[in-house]
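Dropping a structure here in structure tokens format, bear with me for questions.
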Amino acid sequence: MTGINKSATQVWAEIISNKKVGAYHHIVFSVGEIASSAKPGNFVAIAVGGESSSMVLRRAFAIYRTFDRGASGGLLEIVVAPHGAGSTWLTNQNAGFKVDLIAPLGTAFGIPTEPVRALLVGGGYGSAPLFGLSEVLKNRGCRVDMVLGASTAMKIYAPLDGKRSVSSLTVTTEDGTTGITGKVTDVLPGIIAANEIDIIYSCGPMGMLEAINNISAELGIMHQCAIEEAMACGIGVCMTCVLPIKGEDGQVRMLRSCIDGPVVDGESVIWNSKRSIPEGTWGAN
Amino acid sequence: MTGINKSATQVWAEIISNKKVGAYHHIVFSVGEIASSAKPGNFVAIAVGGESSSMVLRRAFAIYRTFDRGASGGLLEIVVAPHGAGSTWLTNQNAGFKVDLIAPLGTAFGIPTEPVRALLVGGGYGSAPLFGLSEVLKNRGCRVDMVLGASTAMKIYAPLDGKRSVSSLTVTTEDGTTGITGKVTDVLPGIIAANEIDIIYSCGPMGMLEAINNISAELGIMHQCAIEEAMACGIGVCMTCVLPIKGEDGQVRMLRSCIDGPVVDGESVIWNSKRSIPEGTWGAN
Amino acid sequence: MFNFRTSLGQAEFQNPVFTASGCAGSGKELSQFFDLTELGAIVTKSIMLKPRSGRATPRMAETPSGMLNSIGLQGPGIDLFLEKDIPWLREQGATIVVSIAGESVEDYAVLARKMRAVSGISALEVNISCPNVENRGQVFACHPATARAAIEAVRRNIGGELPIIAKLTPDVTNIVEIAEEVVAAGADGLALINTVLGMVIDTNTMRPKLAGKTGGLSGPAIRPVAVRAIYQVHQALPHVKILGMGGVASGRDAFELILAGASAVSVGTATFGNPTAVIKIKEELQEQLISHGFDSLREAVGYAHRRDTNEGEL
Amino acid sequence: MFNFRTSLGQAEFQNPVFTASGCAGSGKELSQFFDLTELGAIVTKSIMLKPRSGRATPRMAETPSGMLNSIGLQGPGIDLFLEKDIPWLREQGATIVVSIAGESVEDYAVLARKMRAVSGISALEVNISCPNVENRGQVFACHPATARAAIEAVRRNIGGELPIIAKLTPDVTNIVEIAEEVVAAGADGLALINTVLGMVIDTNTMRPKLAGKTGGLSGPAIRPVAVRAIYQVHQALPHVKILGMGGVASGRDAFELILAGASAVSVGTATFGNPTAVIKIKEELQEQLISHGFDSLREAVGYAHRRDTNEGEL
């Protein structure tokens, strides 16, 4: 366990701006000191629906990036896909509105001490946390390539200034409305070979992460991925967000994705175990 | 039964303005044709809390007044006391916001065919429907006197243009912050005698209506009052809003205040029966 | 063409969205907002033998995503009801399900006898979730023996072909046991669920808010309980038709109950928040079914129970 | 000076606001947000004899004003728990209530024996009502005989003075009957209520949303059920202390449960929406009590049951 959310703080965060970008909303919050403690991979948990809301649980969003503005307080940005009632409510709130926000939560992407060649792979809004990560990696002297995929062009989130921090950006869409027609995994092997990739960082739907992990495992490349399990609390107290993960001792345990994740080693995850407990899991009976 | 809400219509009504007046909010809605069918005493039922609201029931508000603006659509106004979650939510909505509103509902004040001398008595926001009533009465050639009472000055709702339609206005507050110190019932006997009142119309808390009815009954004056019972549906289908009322046949029945009320004859009500069914009520066992 | 028809016992309905008993007045009130022929059926307020004042007020309290009620079955009694309400409903061309409630087994027998001669009724909903005065006010549907006795009394006296739908309370340790009992006693279908027993205390007066102290909890808050009850009973008794209810406020919700095993759904509390809720729900349900590729409502009934080869544990 | 202290059995607590079992992790997670000594007590997640993986995911579904969970009692087992979690909590100076759960009467006996030597514990909550175990028929708290057997096993084996609080499920026909049984079997207090059995069907996949199909409903949606259960049990057993829970999300809600008859309240689901909910609720409750003129918490316990001369029927 990575020290339980040592810097997590609960604040009333004012919305500074809320802009529609493609299929998503890019929302900027004023969050004070949280901005300086958040790392790429961490997430925020936001209460949704207002005072008399029938939604009792927070919604988790990956941190897109943060700005530490000193005296004027920090900014924190997220990218939201209006999906069900909670995310849709959030995308409907305007600048000036304050939300109850907790951050930073969860694990961050591990940053190599050596300058390595990194490939960042994002699916849909899963690209969001990768831009901050690429900045950090570049500052450490890494080469960063990026692949973003989605079903359609509107669901590719790739802001101009984000693109600047990567050496190459490949885009795939299933319907071919932009970039290469197909899935990210169609282009991965070629890019990995061409750029002699040492490590893959990924964020996106579980199916995509699993497919990427199949490739990285086969090629023997490190793979860190940010997973997305349904979370009730986001702070480690409810045990709803677990998934089976193999520890260094070889033992599979049901670990909390909000505390031991969302960023985990791809090879430690027992993939495709949804709706069942893998045999041999600690405490399975 | 007065013909079941013959002109009741459900509309998305835009808030045209929302202004704080003393302890209340005066809210104006654009309601189209509803404005022309509403009569003094009718109420509206508004859904509260927005899309993901945990509040499943509408809130009822007496119609303060309506304007039939012809082609540009009608306006309907209410006066809201922020009390619990629902009314507070409503008072927090700004111009431009649309609410789900049903009106006109319930019975209206009976208008005498002869020009009589009427006394209108309002408690707190209960004054709201009386101003529209006084206009109608005046146009019928009645003399209209008014008494408004509340615990404190901030809770007296008496707009300037409303006052114009009455011959005299007496204000009482329990704390003496404005007008006469005391309750409306302290001043009623004097005013009734001085103005030779034929009929009393009242709206306000149940305790006040009962006290007024004691006076009217003793003096043998007609009394029509707008009652306020907890309503789940407002349209007559749930049977929650009932109270014991004596019919012309002398039989007491549990009648719905949303359909057979809110305006009822004061002398037909079995007062002070809260939390019990009066003996002899139809179907009591 | 999409087939929206459904059946409960021998009764056929043009669509599966009904009003819930006690939540549609006499029908007149709602007819201001839509044509009653648009309903799968109107289920009338549970009617008893004699006129009844119901309970004292306050009779309701709003709760998070729900409400409590303690109406206490206010109504005109079966005779006036058959004389006035039913003819009016028939005139409108409404499809009618009559709900009856008794205080004793004998009451149920008499009510059933009074109903047997009545024409133009599609089914009889037997509300046995009410207190049995002969047995310390214990609710009939709470115990297998009393539940059985009430339904048997109806079965013996109803004659003919009027389907009997027994309405059960979820406030039992084992709802499947009660369901099995009433089916054995002659119920053609089951109505699941009645309200859940609850209480609200007014923290200002520091007393129970309702004059009757406890009340029945309804609305979206109880939907997970309804889905569970319907799922359990459909699993145990797959051939018994279920009229589902409890917290349905959208087409999605109606679809959820149907997937669990309901052949039709009743809408109660949602009507209080929105007089046209039933119509909205009907339209949304049809959209849901079509967009999921169903050609008929029937195919979707209990669909959540299907086994799937690539999902072992289901 | 306002007196906020309370007691359950022989155990004394500085204030009446606890965490709910299974809703506060190991304590460490919440200690990031407040000092655990601020709690009336931390109630630990129900611990079983052996390590337990719990159920497969998905384990939760949000519902209107509530949620379903089917954690399936994931945990390290009693030995590791006593070795690691308890010493850490003791170090923090936290007031500790340990919750235990068994799969057999023998389990309860062994768990109780393991607990008897442990110091620094204020009370033992005995969870005989987890609705997530695979066979619903085997929920101990559903039947008087099994409820009694579990509590008797604990009573016989616990020794000493550790108060036993039996935690009951509301999913029974008659909760008072179960309460009487466990009190007769030696429970010093009662914890009311555990979650209500429910189900959500995902209308996209058209299957139960939870891998375990059914789950426990918690949150404000069930508060009226909790208030009713507490009120009924307090009325029948006025001298038995009750730890109330179910949908408490504000000081007003805590006050409501106390008026119904709870001597202390646990906060579960509200913590998921707000990590500092317990502290907020504690402060708001104290304000509520003081503003209603109470000098102590104790005076308010069960106050909604009082008779009032000018309100005949209460």
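Each chain gets a letter, A, B, C and D, in the order it is written, and its residues are counted from 1.
As a working rule, contacts are C-beta pairs under 8 Å (C-beta built on N, C-alpha and C of every residue); 3 or more make two chains touch, one makes a residue touch a chain.
Worth saying up front: this structure is predicted, and the values here are computed from it rather than measured.
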Selected interface, A-D versus A-C, where C-beta contact pairs are more numerous
A-D
Going by C-alpha centroids, which chain is farthest from subunit D? Tell me that one.
B
Rounded Å distance, subunit B centre to subunit D centre (Cα mean):
46
Where the centres are mean C-alpha positions, what is the separation of subunit C from subunit D, in Å?
33
Whole-Å distance, C-alpha centre of subunit A to that of subunit D, is 35
If I count partner chains per residue in subunit A, which residues reach a count of at least 2?
54-55, 275-276
Residues touching two or more other chains, restricted to subunit D: which are they?
56, 64-66, 211, 219-220, 311, 313-314
What residues on subunit D touch subunit C, complex-wise?
56, 63-66, 68, 137, 142-143, 171-174, 196-201, 203, 206-208, 211, 213-215, 217, 219-225, 227-228, 231, 247, 252, 255-256, 259-260, 288, 292, 303-304, 308, 311, 313-314
Applying the document's contact rule, which stretches of subunit A touch subunit B when the two form their complex?
48-55, 85-86, 89
Where on subunit D does subunit A make contact in their complex?
22-25, 28-30, 32-33, 45, 50-62, 64-67, 69, 71, 74-77, 211, 219-220, 249, 269-276
Could you please specify the touching residues of subunit C with respect to subunit A in the complex?
64-65, 220, 311-314
Subunit C-facing residues of subunit B, complex
4-6, 8, 10, 47, 54-58, 100, 102, 229-230, 232-233, 235-243, 253-254, 259, 273-277, 281-285
